[in-house]
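The following pair of complexes shares a single chain, subunit A, combined with subunit B in the former and subunit C in the latter.
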Partner chain A sequence: MPLDTSTYNLALLRVDGRRWNELRRVHAQIRTQAAADGSSYLEMGHTKVMCVVTGPSEPGPRRGTGGGGAGGAGAGGAAEVVVSIVIAGFSSVDRKRHGRGDKRTLELQSTVANALAASLHIHLFPHSQVNISLHVLSQDGSLLAALINAAALACVDAGIPMTDYVAACTAGSTSTYAANDEGADPLLDLNHQEEQELPGLTVATLGESDRVVVLVCESRVQVSRLEGMLAVGVDGCKQVREILDRVVREKGRRMVQEGTVEKGIGLNEMDVD
Partner chain B sequence: MASSQHVLLSPAELAYLHASLSLTPPIRPDGRSPTQFRPLVAETGILPGTNGSARICFADGTEAIVGVKAEVERTAQRPGEETVFLEEGGAGGDGDDEEEEAGQGLDKRKGDASWVEMTVEIPGLRDDDSGTAFLAAMLSEALLADGEFAKRLWINRRFHWKLYLDIILISPPLSYPLPLLSLTTHLALLSTRLPRLKSEGDEDPFFDDDWAAAPYLFPRTTSSSSTPSSTTTKSPTPAATRPPITLLVMAVGNNIIFDPSKEELAVADVALAVSVTGLSPSHETETGGGTAGEKQTGRNLRLLSIRTIDPPSRLTAPGVANAANTAYGASNGTSNGTQKMAEAEAVEGVWRPPRGGAKRMVLGALVQKVLERGGVVDEVLDALEGADSG
Partner chain C sequence: MPITILAPRPSRPTRKHPQEDASVTSDTDSEAGGVDLDGDLPMTTTRPSKRARLNTTTTQSTAAFEIVTPGEIITDDPQWMRGHGTYVTPSTTAITSSVAGTMTRTNKLLSVRPLRARYTPEVGDLVVGRIVEVQAKRWRVDVGSTQLASLPLSAINLPGGILRKRTETDELQIRTFFAEGDLLVAEVQQLFADGGAVLHTRSLKYGKLRNGVFVAVSGTGGGGGVVRSRRQVWTMEAANGGGLVDVVLGVNGYVWISKHVETPEAGADSSSSSKAAAGITNMEESVSTTMYSSQNDRIEVEAMREIARLRGVVTALVENGLRVDEDMVVRGYHEAVEMAMVSAEGPDDIYLGGERGQQLAAALRGA
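Moving on, here comes the complex of A and B:
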């Protein structure tokens, strides 16, 4: 059902009151679950995702889950990253049951697996497996971005060596493809309503660099608008990376203060009071 | 997931565990008392997008989230039912006479088991896994057992609520997740609210927009009623029933142990899933008719269902007694008879997986213990209610 977002031009405000370059509220926690090697909880607006990482561990019996496996296929010189995504039936506005073999879910799984396999140092763990299970509790757009961010945080918590954060975010454009409006502004961090109507893409970058790890665009958009959208998206990823970094540092500081972990050598410059 | 997942314990360890659990009082590996539950963290109303939701985290790290969603659905009309509906005054005559005391207003409410749909998701398992299906069946069975629950979903003769309960186990399944999932479902149902109905009669349902005005599916008692009712029949409020809880209880020897961990379950002689519901929350009722003054606090518990769980102990390998062990000098080959004897009779300190069914006395004692007034179930229900309101 198309929505009317043509009011954007009047006040330059989006349906939820944001400016074009504003992220929604991002709230994240790590180490939310005691039993797992790594875990995280991430909210991007109303999109809520939980992630649990097990491993690197010995690969279990082969299951025909068809989940997104990436990296060396376990037997080779590198660990395999296996991602399984469970989209809760109650996550969307109308209750919808998502089967395990859902094609969309499978694609999300393989995208997340490939994105993380590229930044995790999986070559350090031959003949092993990193299991990432993601649970979608609530959906309001930017699902893939939230999944990637949550998985990256959980991998940090699990202590798996990685090159840098993989931070993801979405970008869109203020007018539809059909409007063919050359002067359309790019938008940052689409919510569900905007995602339904406007062209959008998901981009993930590696750390503070401009290196793009994931770029997914599933809607029709004029190629002239793509560059602007990508630039805004990459800029958003940097903001997201800052947020993720703050979450990890905050948790680390608290753990040092509580005495859960000893203050390491590299932490001297960290301001622990 | 099956209860009989792999247990990595040797026969010697199993024998030790079994021996310490059959002492009086039993010594549990984590130092709990036999009726003590694992500590848990619970929160409700975590997902504003659902009608009700809850999250429970056990101290061993297992975690579950339950979300409840409701949709309005048209009730399938069966021919022949209409004739009953036309004579509204004589609603009591259509078979459910035992509902007389429930008041005329509730008489015409009907429920159907298909109005509740329950799914269980466990990471790493297929959704059509037999263990998962069994868990879902067990939980929904307890919910629908008394037939009262489905009646709450009745809107009018033409429409009803369809309730979807989605249960997600977040953590890897470290122990048999039945108690966790059941407690989380209980909490989610306690926090479930359905929009207030504005339309009347059999019109198409029309609801109040104000979420704050939405009544709870299980109405809360605002204050403890000051008038002490002598019998429960005088306060015929089906509203007083609470959602059921399913507890895992096991027996080792003559000891009854609640909420067993994975290791304890591995040496269980009998494991039962017992579903109970509390009728009137924290209501004081007299026991019996004449024994005045003897009041017991606690609620009236009602047994809903019992299921035996196949304990993983049956699949463990037996230990070998020294007398039958060739490494300890037992002659091999010649004495087939002694080997058979060694298999047949129990040797102190040598693990033997339990065989045969549960003893009737033990089963009776298990159920008795669960239904004890002011016992474990009361404690659990009180704690959960506290978690919900707090």
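Moving on, here comes the complex of A and C:
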């Protein structure tokens, strides 16, 4: 069923009742697995992802190139970021088996690994490896964005130094490529149905800056629409960053209050002398 | 129909920091929602600027619970030096946090202690480790750090005298001292520039571990781990006829709890007087033969039960976010013994998970 664009024009509401510039509900948790170095759980709408980070630790025995790993950086003096993604068979509407060597999964792995390797200060950990294991529990569009966000949160939890959060989200356009509609509006955070029918892109930025670290567009779209989509996407990334930051701060505040972590000094006290 | 830019609607209730509310100069950008398609993006920043923070008088209690997160600019004043957990963006003087954690200051040095991180070795640390690899002249030891630590053959007490040069025979028999999977307690002797550690066990305090149980708690980075303290190893009297129990708290978050075994010198005096007469060389030999034995001594059921109870105390401390040190473990143990006394099963009740763990933690916090 094609997306009823006429309805959108009447009420300016999307199929799930959102406006063009609204994100879906984002729910995130960190430190979900006590035994792991870092872990997180992230929901963007109905896309649900779990992440576990191990390391930086001594790299295990070298695997063959056919394995599920994706190197973020060379071993020369810096840690290697290895991402493995498991997509559960029950995650989407039609039950599907995703093999280890699935080309789509491999591409997701290398995109996430490269995005995080750009932000993590891996040069501080030579001869070691950061293992990021992602499990997709439910898919409803914006999968790559959810994977990047979950991995970034888990890396913060693992205490791996990084330049800033890598926050990602998707952006699309209200009419299809074939419609060639000049006046099409950009959309923020596509769900599965929109992703199927409308042109869309995934964008990830480094923290609050406008620096784009990931930009993936797998559909045909007129170049005139691209700028608007990108602007909406970058703005969405900033909103996502705020949400992720709030989750970390909340957890940190609770830990300090409970006395798990010693209190820090405030800037006020610091600037007194 | 053209798009109407709608009034901003926060996607979630914004719970502002008290600093922001108080700051008059707080930018009004957060009032603007949506996107300007001219490429001029409104910066919806909720991070208060440094100046705003300095101008306002915040209550110390709320500020003290605040943490810094990656990408947060700590200060742009060039008088400060950056320490661990921070970085300086090229072409600016702003010191930015790179981890989520609490800030510490040593004179002019600013550093951020992460909420949790892997153990970073320091010279002199007492660590508990597990051998993972045996090489020609050294062992590789897992100490929970970013890299495996190495233990050279020359840095252990070789049999037949404490101070002896290592020989080729020792190299050939390297597995008789430590084999893969063996646990040991050691001290960090030296650090490499890349963060790798070299261990040594050249003291009778250190060496192979047996007669006990291993517990791994998260490291020093936080999360209620083991803290560096004056005493990391102690012997305590266990309740309910458990005898003496040794506890080793490795700084790396690995803990060893074992039955206390008399040191061979003392053992030689008490058990067999004939051996005591054999002289000092014989004693040293007996030291070395027992030192690398992987055979457990006989452990009474009572001792096992009390060791298990101590283990339960350590995991309960970690689960409830309390620090693990001698004081807490000893007090926690006595508390646990009391709790077992009043329970229906009596001293055999060693369960300290879930609600009972919380009860224990509450008792320790209250005391």
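The rule is short, and it goes like this: the second predicted complex is superposed on the first by the 248 of 273 C-alpha atoms of A that agree within 3 Å, B and C clash if a C-alpha of one lies under 4 Å from a C-alpha of the other, contacts with A are read in each partner's own complex, and residues count from 1 in each chain.
Quick note on the criterion: a contact is a pair of C-beta atoms (placed from the backbone, for glycine too) under 8 Å apart; a residue touches a chain by one contact, two chains touch by 3 or more.
Please read all numbers here as calculations on a predicted model, not as lab measurements.
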item	value
Partner contacting more residues of subunit A (subunit B vs subunit C)	C
Contacts of A:18 with subunit B and subunit C, given as first, second, both or neither	neither
Contacts of A:99 with subunit B and subunit C, given as first, second, both or neither	first
Partner chain(s) touched by A:245 [first = subunit B, second = subunit C, both, neither]	second
Which of subunit B and subunit C A:192 touches, first, second, both or neither	neither
Which superposed partner A:211 touches (first subunit B, second subunit C, both, neither)	neither
Contacts of A:156 with subunit B and subunit C, given as first, second, both or neither	second
First, second, both or neither for A:138, with subunit B first and subunit C second	first
Touching both subunit C and subunit B, counted on subunit A across the two superposed complexes	34
Touch list for subunit C against partner subunit A, complex	1, 3-4, 6, 9, 11-12, 33-37, 39, 41-47, 50, 53-54, 57-58, 60, 63-71, 74-75, 85, 87, 96, 98-105, 110, 112-118, 142, 146-148, 194-196, 218, 221-224, 319, 321-323, 365
Touch list for subunit A against partner subunit B, complex	33-36, 46, 48, 50, 52, 54, 60, 63, 65, 84, 86, 88-91, 93-95, 97, 99-100, 131, 133, 135, 137-138
Residues of subunit A that touch subunit C when the two form their complex	9, 12, 19-23, 26, 31, 34, 37-38, 55-58, 79, 121, 125-128, 156-165, 185-186, 207-208, 210, 227-228, 231-232, 234-235, 238-239, 242-243, 245, 248-249, 251-253, 255-271
Residues of subunit B defined as touching subunit A within the complex	47, 49-50, 53, 57, 59-63, 65, 67-69, 71, 119, 121, 123-124, 126-127, 164, 166, 168, 170-172, 174
